[in-house]
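Chain nomenclature is as follows: A, B, C, D, E, F, G, H, I, J, K and L, assigned in order of appearance, with residue numbering initiated at 1 for each chain independently.
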Amino acid sequence: MRIFVINGPNLNLLGSRQPEIYGTADLSAVQEKLEDLASELDIEVQLFQSNSEGEIIDAIHRAADEAEGIIINPAAYTHYSIAIRDALQAVKVPAVEVHISSIHSREQFRSISVTAPACAGGIWGMGIDGYCLALRALAGMTARERTPETSQ
Amino acid sequence: MRIFVINGPNLNLLGSRQPEIYGTADLSAVQEKLEDLASELDIEVQLFQSNSEGEIIDAIHRAADEAEGIIINPAAYTHYSIAIRDALQAVKVPAVEVHISSIHSREQFRSISVTAPACAGGIWGMGIDGYCLALRALAGMTARERTPETSQ
Amino acid sequence: MRIFVINGPNLNLLGSRQPEIYGTADLSAVQEKLEDLASELDIEVQLFQSNSEGEIIDAIHRAADEAEGIIINPAAYTHYSIAIRDALQAVKVPAVEVHISSIHSREQFRSISVTAPACAGGIWGMGIDGYCLALRALAGMTARERTPETSQ
Amino acid sequence: MRIFVINGPNLNLLGSRQPEIYGTADLSAVQEKLEDLASELDIEVQLFQSNSEGEIIDAIHRAADEAEGIIINPAAYTHYSIAIRDALQAVKVPAVEVHISSIHSREQFRSISVTAPACAGGIWGMGIDGYCLALRALAGMTARERTPETSQ
Amino acid sequence: MRIFVINGPNLNLLGSRQPEIYGTADLSAVQEKLEDLASELDIEVQLFQSNSEGEIIDAIHRAADEAEGIIINPAAYTHYSIAIRDALQAVKVPAVEVHISSIHSREQFRSISVTAPACAGGIWGMGIDGYCLALRALAGMTARERTPETSQ
Amino acid sequence: MRIFVINGPNLNLLGSRQPEIYGTADLSAVQEKLEDLASELDIEVQLFQSNSEGEIIDAIHRAADEAEGIIINPAAYTHYSIAIRDALQAVKVPAVEVHISSIHSREQFRSISVTAPACAGGIWGMGIDGYCLALRALAGMTARERTPETSQ
Amino acid sequence: MRIFVINGPNLNLLGSRQPEIYGTADLSAVQEKLEDLASELDIEVQLFQSNSEGEIIDAIHRAADEAEGIIINPAAYTHYSIAIRDALQAVKVPAVEVHISSIHSREQFRSISVTAPACAGGIWGMGIDGYCLALRALAGMTARERTPETSQ
Amino acid sequence: MRIFVINGPNLNLLGSRQPEIYGTADLSAVQEKLEDLASELDIEVQLFQSNSEGEIIDAIHRAADEAEGIIINPAAYTHYSIAIRDALQAVKVPAVEVHISSIHSREQFRSISVTAPACAGGIWGMGIDGYCLALRALAGMTARERTPETSQ
Amino acid sequence: MRIFVINGPNLNLLGSRQPEIYGTADLSAVQEKLEDLASELDIEVQLFQSNSEGEIIDAIHRAADEAEGIIINPAAYTHYSIAIRDALQAVKVPAVEVHISSIHSREQFRSISVTAPACAGGIWGMGIDGYCLALRALAGMTARERTPETSQ
Amino acid sequence: MRIFVINGPNLNLLGSRQPEIYGTADLSAVQEKLEDLASELDIEVQLFQSNSEGEIIDAIHRAADEAEGIIINPAAYTHYSIAIRDALQAVKVPAVEVHISSIHSREQFRSISVTAPACAGGIWGMGIDGYCLALRALAGMTARERTPETSQ
Amino acid sequence: MRIFVINGPNLNLLGSRQPEIYGTADLSAVQEKLEDLASELDIEVQLFQSNSEGEIIDAIHRAADEAEGIIINPAAYTHYSIAIRDALQAVKVPAVEVHISSIHSREQFRSISVTAPACAGGIWGMGIDGYCLALRALAGMTARERTPETSQ
Amino acid sequence: MRIFVINGPNLNLLGSRQPEIYGTADLSAVQEKLEDLASELDIEVQLFQSNSEGEIIDAIHRAADEAEGIIINPAAYTHYSIAIRDALQAVKVPAVEVHISSIHSREQFRSISVTAPACAGGIWGMGIDGYCLALRALAGMTARERTPETSQ
């Protein structure tokens, strides 16, 4: 089983950007944590980050052929990218939306997600542990549950 | 460590109510799953359900003295109970909001949560596995992270 | 055939509260009128009133096992109780929503019902005769029509 | 006592148009049902249908002189005809608004009625039985109740 | 110089409908008053009333050939008839919109006019004297002023 | 009979400001026209202009004692001065609101008047002739009609 | 194969009304163009125009029996006639909505269509050529595609 | 004279909950302060607190028979409990709404009160002194002023 | 201790303007009542009224140097004067906002205050007694409480 | 004559993505169909697809020099890309907006186009035939009509 | 060349009012800085401040005759004074709107300007340097650019 | 001192795109003007343009290491790119937002900026001179002022 972990704009700055909100761990720490858990669960993970909406869509499309699950943190695109939403809906791979911070305690616009309706589930506010919880969630899904339609 | 698991209105019907949305497992199945994981993590869990807003608030208040974490599925009250939100903010115990179904793929009003800003984090769309993921999340929180203010 | 007649908050004051809007008949007059018609139609009716949202939900749940139809006047809860709406949708018993007064000629917020989408039909503005018309409506429904899904 | 039964646009297709929503009975079945009940209640009914807003207003004006009650199903005009609303308010004859389908379980715009504030009461979701219930309601109204102002 | 005076739905009831709002004078009194003033100003007036949106549009079209000014009281159509607005814009005859009552002191929706942008000017709240003031206004307009574009 | 003619901000520039909208006549031309008609109707008119909201309110207050009618063009204050509206409502003198230009064919915000509900009637789009029409309207009002309450 | 071409209010003025927007060709030019193409495609076309909402609904109803396709330009009714929308949905004949002008570059309200959801497709901004493109579209539709449901 | 002092959800935590907003005095301090002033003014006060909407409504109903004034702090229910508003309107006892904190300087939703229109007056932002000011206000009301209708 | 009592537009008419809403007492009665209480509490009060927004701002500015508290009834300016709000926020003197009438039972726009967030507290619906209650409130404030920031 | 056919995000998946909405033909089928018609009409077509907003803008810019018409299906970017709209307005080449599916029968946000005001016309709901109809439309435009300004 | 520098309400407090937002420099420091730069650029500047909306309008009117450019900081009037906007549009002198603070990082209502559409340009967030930048901007404008119409 | 000048989509067309709005100078003219002023102020400037949101974010990230100030014209992205806003907030370099045209005199959506709250200041409507004014502004900022937090 292979899982794509897709990170959106400004997450390359994780660890140095507003650490009071996002913590001090950076993306390589996320990768390390995920790989530890993945090897325990016998899963392969591939981490990806881009500031470009188009490249994120490309990655989602590749996941259709190469992966059996998507963990996605669309960052700012969460709030307006109908294109990413459409991409997630177009592929038949279950996706879990992860947010590091407590998005419901920040600016009003951050509590609205246009991508969530295209995901099977989501996790927010758990720091970088959210990625590991999402990995467990995808690992635990039966084949039937992994199809987004059935959980709607 | 003791965790309160508080379930809101109509969740006593879990398993028989709209199984295409909520699945066929009932609350006792949730209890069994949670207790298995809890004993593995050396945690005690107490499950509670009520259709009454006042009784849910009372349970949150009790948690202030008797528990170190709250898993709460406020069900329909999620969308309008400012009283439950105030109760969660008044107690100093970290709470994780769980929704069984993919709330962002249903009616518009179900994607709005007035209780979320009073929680440290949340999990949605994972079926009853969401309760177990929430338990892991609370178990993994360090003392510092467990205070809701610090994750905002 | 047994029908539950569920009345929401402040209806215990019927007859004395704003009689220019709600008339001078009280709940016992409603009961008497309904029982006269019910015996004529060979139906059993059970009248219930509560000011508590939780108790109304409990009554709806009981109707799932004990009744074949619900007449409900949710009063003020009509306008915001998603929890009652969810309860009505969870049980497989057809419900008719009754309002005594001309709700569309009063404050703007009284013309919005969040519970109506969970009911098979409704009657408003007919005074306490509305309860009798609702009883006739439920009596006249064929088995097929009684399931709310088929009338949508 | 004479009652006008006024039907709005597309109701001439009743019975063949979207039968899963409106049922298979046509307007002549409505007429037959109403006449059976009317003769039982010693009332005369006159059925009328038009696709034209102007002709519906003309019919309401005639009712001022020739009838003692109006049953009106404004169909699509329900949602935007202020002219029909003004006509109903201008005549001193009590009106009952009937909708065959469960308008609150369909498109959002169908749950808004601009004509309802000019009616004494209303009935929705009961299929063509709604017309008979409306006839009983008008028959049961005392002279005082029939004036729309007094029920506001 | 010939002026068309076009009256919309329910104005045939003028004098008997809600006299506390519209006064007790009827349309023939309007006609008499207008003809007195018209002969004084050496103008010919033609009065017209219809409850039908289509017939009102037909009358506006005829005015293009037969009249040099339009006085129009679109009544309820004021608030939603884009078709009448388009008709007024399509003909090259200046129009004055008249409302008998103080529309800004009644329901909120009566203070919005979709037809006004297609008129050169308007008069409200003056009772049936409003028609005479409109006649004076059209009589006083120079040829240049009569074209609606130039006054925008 | 004495009438106050009150003009709001920027109307001191009438004649030179945007003549394609407001025409080339200035305030003294308005005064001359009004005095001609006033002497014909045996009325005394007093013209007043100020850019200050407070001075306009003072003038309305004076009218309570010194005049029997108000013609007011509140200009930009039309759209937000609740203070002028309150002043008009506080005095018992009927007011007619005049706008020189076709306010409904300009920016959206110019079609909203917060002062209109405190006036007996209004005239728009007639150029400076609107002042004369307003004078005729006030002259023609019977004592009963002059009280704003009775025309609502 | 027979196609109804239904034109709404003010289109009888085509060619003379605002030619800078609608061009100088009139309805008979539309008819001629359509008949040339129709005979080439071996289709019969019937052109119809009315200013009355009711007559347009009547024509749509007739199409159910007499035609296999509808080309409709509802003109101003596009923006508010739920009655025409209901008529289009009630008949089982595919409809194509045509607008002559670039509706998205004009007033905001012209970019909203309440009738479009009841049509299989639409064409805007192509001048009177839009009618011919619509005819080709209906001609090219296979039987399966002609049913509006299947293309949704 | 007897006054009911009714406190809503989470006010049982007064003194320990968010003291930077609500201060450190608890409900018994409120009681003590009120009783001191009450004995000075020769009034009897009865303090009551509940987290349950239904119990608050019950208390308002009891006040109809047992008290001559209500001081109510509906807390979170202020913002959405139409049921409490209806209860206040149903009883004929004047009510004063008290808020301890500066509600207009906190979250937007806290500045909206659905219960205020059913109260004779209100006091906000004065800390627990607000209860004493409310007691003075009720004591000073003449019989006429105590009826909510007369102060509107 | 000296308190400024600042009254906004139209309050010079107090006693004669709409006495059914504002009562029959005029500003000198307010002054007398306030001075009686003030001498009892050993406070000096200075009463001020203006219809001009600029003069009210000037008075607030003077209060910064000459007073230790402000009682302000901004009247109509309450609802839109961001300038007065800014002035109140600029000075370091605690302000209490007073409204004589039951503002929450009148027009919708009167329940919105843009000045309230700049005040420490407020009182509404108590008639002219509201001024005295405000005086007691300011007198009872400790130095710490008088700073608006600490009560937020 | 050369036409650019620009396809937006996710259209590279055409044929496999939600075929019940978009059909089973892929982009190469579109290309083939277009080239057949293009050679018949003596036009050259160049097909282009990108998921990147920036690359679509680059292609529109290139069209300014290399093409005489644009057929564009902006897909999800239709609903929010002001940048693409600006690009279309910046170049002097007429554009036709094509949507394959019946956008007005899907989610609400799909019926709103921010790019349409920058296009000369549009076609929706015709499947991939919409591209051919757009090609005919551009071919039939005279030089004058091809400039977007003239069709507004 | 002469430039008017017009400052709105509360700016007389500059330097002492909320220095963390507006800095510690007062208006005389602004004047000094402006005069230094003005003499360098060979321009005459006249500084003006008023808390009264009417006096600001008067100053703008005077600028029409006496100045060739306006620098205006309307302060709180920025957000609602349509009267000032109209004054700026009425005179033919180019205006630059200056805000000292970062208005887009403060309350939501401060990011909306009703006066900006009547200005040629604007500068915000630069502290009192914004006045000097505005002076340079006006100095650098060619005669053609100084007319607001040409830059729209 | 080094400043990045970042230009968003369609600005590569500057000089040829809508010159009546943007003028005839192109980006190289901007560069030349900026370099002249920069050498005078002893600053180094680097100009950058991209149509891609991702590349603009990359450039902002680079500025964190390589520059001491950012001049950014986000063009169309101004109105919806939360991702660019987040990037500006993540880096510790002060930014000035520049718009060439009078954005407040164009379409409504152009007066809303989602990126402005992340900038220290802004300049609009000054043509390409706005870039030079922005450079002067950044040059004049003291170290303390350059941090965006301190100017909020």
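Following the convention adopted for this analysis, a residue touches a chain if its C-beta (ideal position, glycine included) is under 8 Å from a C-beta of that chain, and two chains touch if they have at least 3 such contacts.
Treat the numbers as computed from the prediction; the structure is a model and nothing was measured.
Looking at subunit A and subunit K, the chains in contact with each of them are L.
For the self-contact between subunit C and subunit D, the two sides draw on mostly identical residue numbers; the shared fraction is above half.
Mean C-alpha position of subunit D lies 62 Å from that of subunit K.
One finds 54 Å separating the Cα centroids of subunit A and subunit D. Those residues of subunit F in touch with two or more other chains are numbered 52-54, 80.
Chain pairs that touch one another, listed by label: A-B, A-J, A-L, B-C, B-H, C-D, C-H, D-E, D-G, E-F, E-G, F-I, F-K, G-J, H-I, I-K, J-L, K-L. Of all the residues in subunit B, the ones that touch subunit A in their complex are 21, 101-102, 104-106, 111, 113, 116-117, 119-127, 129-130, 133, 136-137, 140, 145, 148, 151-152. Here subunit K touches subunit I in the complex through residues 8-10, 12-13, 17-18, 50-55, 75-77, 79-80, 109, going by the rule given at the top. By the touch criterion given at the top, residues 52-55, 57-58, 61, 80-83, 85-87, 89-90 of subunit G touch subunit D in their complex.
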